[in-house]
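Structures are listed in the sections that come next.
Below are two complexes that have chain A in common, paired first with chain B and then with chain C.
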Partner chain A sequence: MEAFGLLLHGFAVLLTWKTLVLMMVGLVLGIFVGVLPGLGGPNGVAILLPLTFTMDPTSAIVMLSCIYWGALFGGAITSILFNIPGEAWSVATTFDGYPMAQQGRAAEALTAAFTSSFIGSLVAVLLITFLAPMISSFALKFGPPEFFAVYLLTFCSFVGLGREAKHKTVISMSLGLLLAGVGMDTVSGNLRMTFGSADLLRGINFLVAVIGLFGISEILLTMEERLALRGHAASISLRVVLGVWRDLPKYWVTLLRSSFIGCWLGITPGGAIAASFMGYNLAKRFAEEPESFGKGRIEGVFAPETAAHASGTSALLPMLALGIPGSGTAAILLGGLMVWGLNPGPLLFVEHKDFVWGLIASMYLGNVVGLVLVLTTVPIFASILRVPFAAVAPMIVVSCAIGAYAIQNAMFDIWLMLGFGIVGYVFKKIGIPLAPFTLALVLGNRAEDAFRLSMIGSGGDLKVFWSNGLVGSITTLAILLLFWPVFDRLRAKVAMR
Partner chain B sequence: MKVAITLAAALCGAPAFAGWEPTKPVEIVVAAGAGGASDQMARMMQAAIQKNNLMKQPMVVSLKGGASGAEALMYMKSSEGDPNKVLIAYSLIYMLPLSAKIPFNWRELTPVSVIALDQFVLWDNSAGPKTVKEFVAAAKAASSPFKMGGTGSKREDHVLTVFLEQKTGAKFSYLPYKSGGEAATQLVGNHTESNVNNPSENLEVWRAGQVRPLCVFDKERISYTSKVTETQSWADIPTCKEEGVDVQYLMLRAMFLPGKVTPEQQAFYVELFHKVTQTAEYKDYMEKQALKPIFLTGKDMVQFLEEDDAVNKSLMTEAGFVAK
Partner chain C sequence: MSQTDLEIVVDDPTAPEDDSPSVVASGTIEIIVCLLLLALAVTLGYDNWRTGASWDATGPEPGYFPFYLSVILGGGSLYGLIAALVARRAAAETFVTRAQARRVMAVFVPTLLFCLVMQYLGLYVASFLLISGFMRLVGKIALWKSLLTAFVFTAIMFVTFDIAFDVIMPKGPLEAAFGR
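Then we have the complex of A and B:
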């Protein structure tokens, strides 16, 4: 029970007034950011990251991860009340959450979303608590071929499991890979695609791109479509909450299945979005009356929210142990770790015990406090709806600009952000998904380096990706996932006969 | 009484700072990623200055490690006349303009002082060969070339690898990682056979017994004799020359201001970093990271830089790393 002792130690690190106050501040900021349309988890964390630069690492990560939990909770609010998903992975929550709100069952849907988020995270945190010590020795097995195999798996699972048209996912991903190549190439030491510009030397920062692609483009769309946020009033009474909780045991299969999917995909980097859809789709497939989904079924909220949060939480594990972010927000937290002078990797668990276990303990506390907080503050946040869009939009644009500037203190990045805003708008108009683009921008460079280092090491022999059980099984799984839709169709054909 | 103390403090402190003092927080620009040797050094100086009250304004560390550090160089170049930015430089100031054709020349910046020299050590996994001779023999006998991990391409680690090949006749395939920390982890995980990390980059994994130092690339042994691991101190590591491989390389750690600052501003920082080198924090750090203490400024520094530039240039040319 070494993990248990270390966890208690983590709680001891955490239980100071300062950390608790930071935690509350983080949660409130996070919910706020989650509720604001167009912001959401990664943007919120990105914008608020510089606030923590002067703090010690443990306080900083506690505050940031609480912003993250807060944003996750808050994202559900906008999905259900306004049909605007705060995060890519709350998209599935809108399928049944928004119809429920339209039927006047907003409070029920919100309680369901918050509760299932809580359960999903809790399962994932338990997993982290007991697996983390093992993960660090497992992590040492990762050399360049293994890393490349993991990146390949992520890219392939996006193409194979995504809901969007495959060719559009591939287009989006390729553009992201192209832009990831801008700047200095580590392997050859040469500059690429900088066209002699000093601003392009450092490459295209992924956060700047994300703020533009999601935040600015959402504002542009809203301006064009309705110039107003439409929503439903919501208040939560204790009776509704208890009612939902009483029915909870009925859905244990759904909850457990979604938690499992979430954890599995969260640890496999890049799976959070896939997790929420998979959770939803599986709940639908196994339900007794699948046709009632999409019309306001409470299970349709439980399933994606549990999976999204389980994966969002467990995504922090590969980030800490391997330095590979499992989600957009984890990628930003990874940047934060480096700013605070911590090198994520196998030795983080050995060398910075206080930090790691403080973080894990903060996941427990943050989720409990967060659940109470969202349940009590929903009416207040929902009142943002009543502020005219004309007043909210400039505020969002300004906060995006500050966020983009603060990342590298460069004016150039604000222009870049606006450029990406337009790109995001066009992408949304012509139906090209943004998530693969962002993913390629974050992982493209690392994937390329890992591939080329593997090639240098093996003397150009591709067999290196099947040279041991670990790398071989990941690579094979990646290729299977890439062609998953083909297998699925074949199977369907066989079944038809 | 209080007035007297304040006056005395003012009298002692004032003459050195006569004329100019920063009025804004001072940014210490690091040309490398977080956690690397430059970053650690910057944070040590930040702490030393703060704890010993060496400057009224706070100091902030600003990481500009993009494009292998080129970002920091271009940033300093474009900050001409701004006395609130100090660069903590190392040999990239000579190498990057040669290998990647970055339009940068250190002569355009204002030199403040050289504050340390960093060592390079040949390391292998603690399960690997125990001496340089065995290591070289194993590398020669291996069916596929030994993998040497290092930071970046066409830089110090890469240059050292090329010279190691020339002197020993063994072949290595050089794997450029993003940081020394990554190179260290990869050696521990047995994905590479060796690396030539700075002492600070491999310190933690050496203490954990996961890697073994084979030899140090200097003409004399490291001077620190207190035990680092249970059995060994830095001084116990033989020089590569003793072991029959005559390759030497030291890397400067120096402070620069942007170009076109006033002599008063330059003088303030010379004095400031001179005081830093006398603090306990600096001395501890030098010993812990096995750095060679040195303090050069003014003409001595410029002469040192010119000579060092020439050495680096010839190494880079010989290794074939100069871009055409």
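Then we have the complex of A and C:
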């Protein structure tokens, strides 16, 4: 029960007025970000990161993670009321959520969405509370070869398990790893790929790239669409909330199944988007009348929302325990850790107990406060959509610029942001996934260092990656995952005969 | 009647038409992107090879890791190039229509100008100009609303970053005149 005691300590760290205020601010900003078109969770976190530069790490992470929870909640509002998914993981919520709103059951659908989000996150946080310390203490025994093997596993699983065309994932990942290497080489001190430019000497900052890739490009993409909208306004009464909660036990199978799917896909790089669809599809398949889905069934809201939130939350598990982010947003939070001078990885649990347990406690508290906040303030947030996009768009551009400049106080970064904005726009339109790029850019240097230290240790012998059972099985698993599509095809061929 | 019948309606008068002709096909863009990535892979690969991409007494040289990544990137883009060329006749999916391109440019060009103006006038003045100009010219919103919104937003940003959180942004002659 060591985890329990540490968690209580985490709550003690958290329960100061200053932290609680920051938490509320984070949640409100997050819901804002989730509701607005053209701003997403990763994006909002990246843009608001500079606000935290002068804070202590614990306050900073609490505020940033609350922005993330808020964004997760906010995505559901527009999906249900306007049939516009504020986030990609809310797409599945529109299937039954919007029909419910059309039938005048918007309040019921919103309550269902927020409640199931809460349940999904709660399951994931419980998992983090008990599993993360175990994984990290196990990982303390890791040397450079083990770490490189784990990085390799992460990269390979993106290629092997991703839905995009394989070569596009490979392009995205290798580009990210390459750009991570620009600037001063951390091992030898040599300059690489700078082409004599003083600006490139600092390297390509991960957060600047993210702001461009997600922020600027999202504005460009949003403008392509028709931005007219028509939707329902809703306010939630206590009677509706209690009504939905009373029926909750009836849906425990759906809730549990979706939580499980979400946690699994959050830890592996499947992500919240895949989780929400899978949760929805499975709920439909196992339902007694599958044809009634899509016409306003409350389970059609429960299933994807629970899965999306379980996944979004559990993506923080590998980030905390191993220093490997499970999602784009987790990658940005990891970037934040480095800015605040913390070294992500298993040592975090030993050296920065306050920070880690403060964060975990904030996941519990943030979700409870978030639930109450969204249930009471939906009408206000829904009306944000009345603000014309022509006013929102330039404000987002300005926020992006502030974020990008503040990281290193460099004008060059503004241009870099703009460049990455174009890259992000084009990549998204031709189906090159951005998540592997983000992950590669943030992990690139650490992966390379682990590789080179292993090589220095072994005298250049690649067999070091099979030198003991642990590292050998991780490396083998990585290679198996990389070639998984090939095996899968072979298996299908054999089965055909 | 329940409260859910209250509707929120927002129009988009300048929305791109659905039947607007295609400017360029996705396949073409894919080919261009793959060629650019290939060129990047060759450039970076050469630079890393020059830095040293082999092994020395202490292990891999600085260029080793990135050199092989350039090779992987090159391979991936070459594959993408061939795949795009082969699939070209089959799929001529639209990358962007003319109406969409016009709207994208309506944001991109002001953003570019904003970045340029920031170099000379500082971030806050540039923000004011971007927001008010964009709202008025692209959004066709009343001038006084545009100016007021831009002023309020810029002021909030200034107070939040410059005063409350001590995050210093590029400034220009206007701030200098006020002694900040």
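By our rule, the second predicted complex is superposed on the first by the 317 of 497 C-alpha atoms of A that agree within 3 Å, B and C clash if a C-alpha of one lies under 4 Å from a C-alpha of the other, contacts with A are read in each partner's own complex, and residues count from 1 in each chain.
Note that in this section a contact is a pair of C-beta atoms (placed from the backbone, for glycine too) under 8 Å apart; a residue touches a chain by one contact, two chains touch by 3 or more.
Not measured: the values here are computed from a predicted model.
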Checklist entry - Touch check for A:Leu342: first (chain B), second (chain C), both, or neither? => result first
Next on the checklist: In the superposed model, which partner reaches more residues of chain A, chain B or chain C?
Outcome noted: C
Next on the checklist: Let me test your reading of the model: by the given contact rule, A:Ser188 touches which partner, first (chain B), second (chain C), both or neither?
Outcome noted: both
Next on the checklist: If we overlay the two complexes on their shared chain A, which of chain B and chain C does A:Ile456 touch? Say first, second, both or neither.
Outcome noted: both
Next on the checklist: According to the stated criteria, A:Pro144 is in contact with first (chain B), second (chain C), both, or neither; which is it?
Outcome noted: first
Checklist entry - Now for A:Leu477: first (chain B), second (chain C), both, or neither, which partner does it touch? => result neither
Checklist entry - When the two structures are overlaid on chain A, which partner does A:Gly203 contact: first (chain B), second (chain C), both, or neither? => result first
Checklist outcome for this item: Dual-contact residues of chain A, meaning touching chain B and chain C, are 185, 187-188, 190-191, 409, 456, 459
Checklist entry - For chain B, which residues count as touching chain A in their complex? => result 33-35, 39-40, 43, 62-64, 66-68, 70-71, 74, 78, 99-102, 144, 147, 152-155, 158, 173-179, 181-182, 185-186, 188-191, 204-205, 208, 321, 323
Next on the checklist: Considering only the defined contacts, which chain A positions touch chain B in the complex?
Outcome noted: 140-144, 183-191, 198, 201-203, 337-343, 345-347, 350-351, 408-409, 449, 453, 456-457, 459
Checklist entry - In their complex, what parts of chain A are in touch with chain C? => result 50-51, 53-54, 81-82, 101, 104-107, 165, 167-168, 170-171, 174-175, 177-178, 181, 185, 187-188, 190-193, 195, 216, 219-220, 223-235, 382-383, 385-386, 388-391, 393-395, 397-399, 401-402, 405-406, 409, 411, 414-415, 418, 421, 425-427, 429-430, 432, 448, 451-452, 455-456, 459-460
Checklist entry - For chain C, which residues count as touching chain A in their complex? => result 2-12, 15-16, 26, 29-30, 33, 37, 40, 44, 47-48, 51, 55, 58-66, 69-70, 72-73, 75-77, 79-80, 83, 95-96, 100, 103-104, 106-108, 110-112, 114-115, 118-119, 123, 127, 130-131, 134-135, 138-141, 149, 153-154, 157, 160-161, 165-170
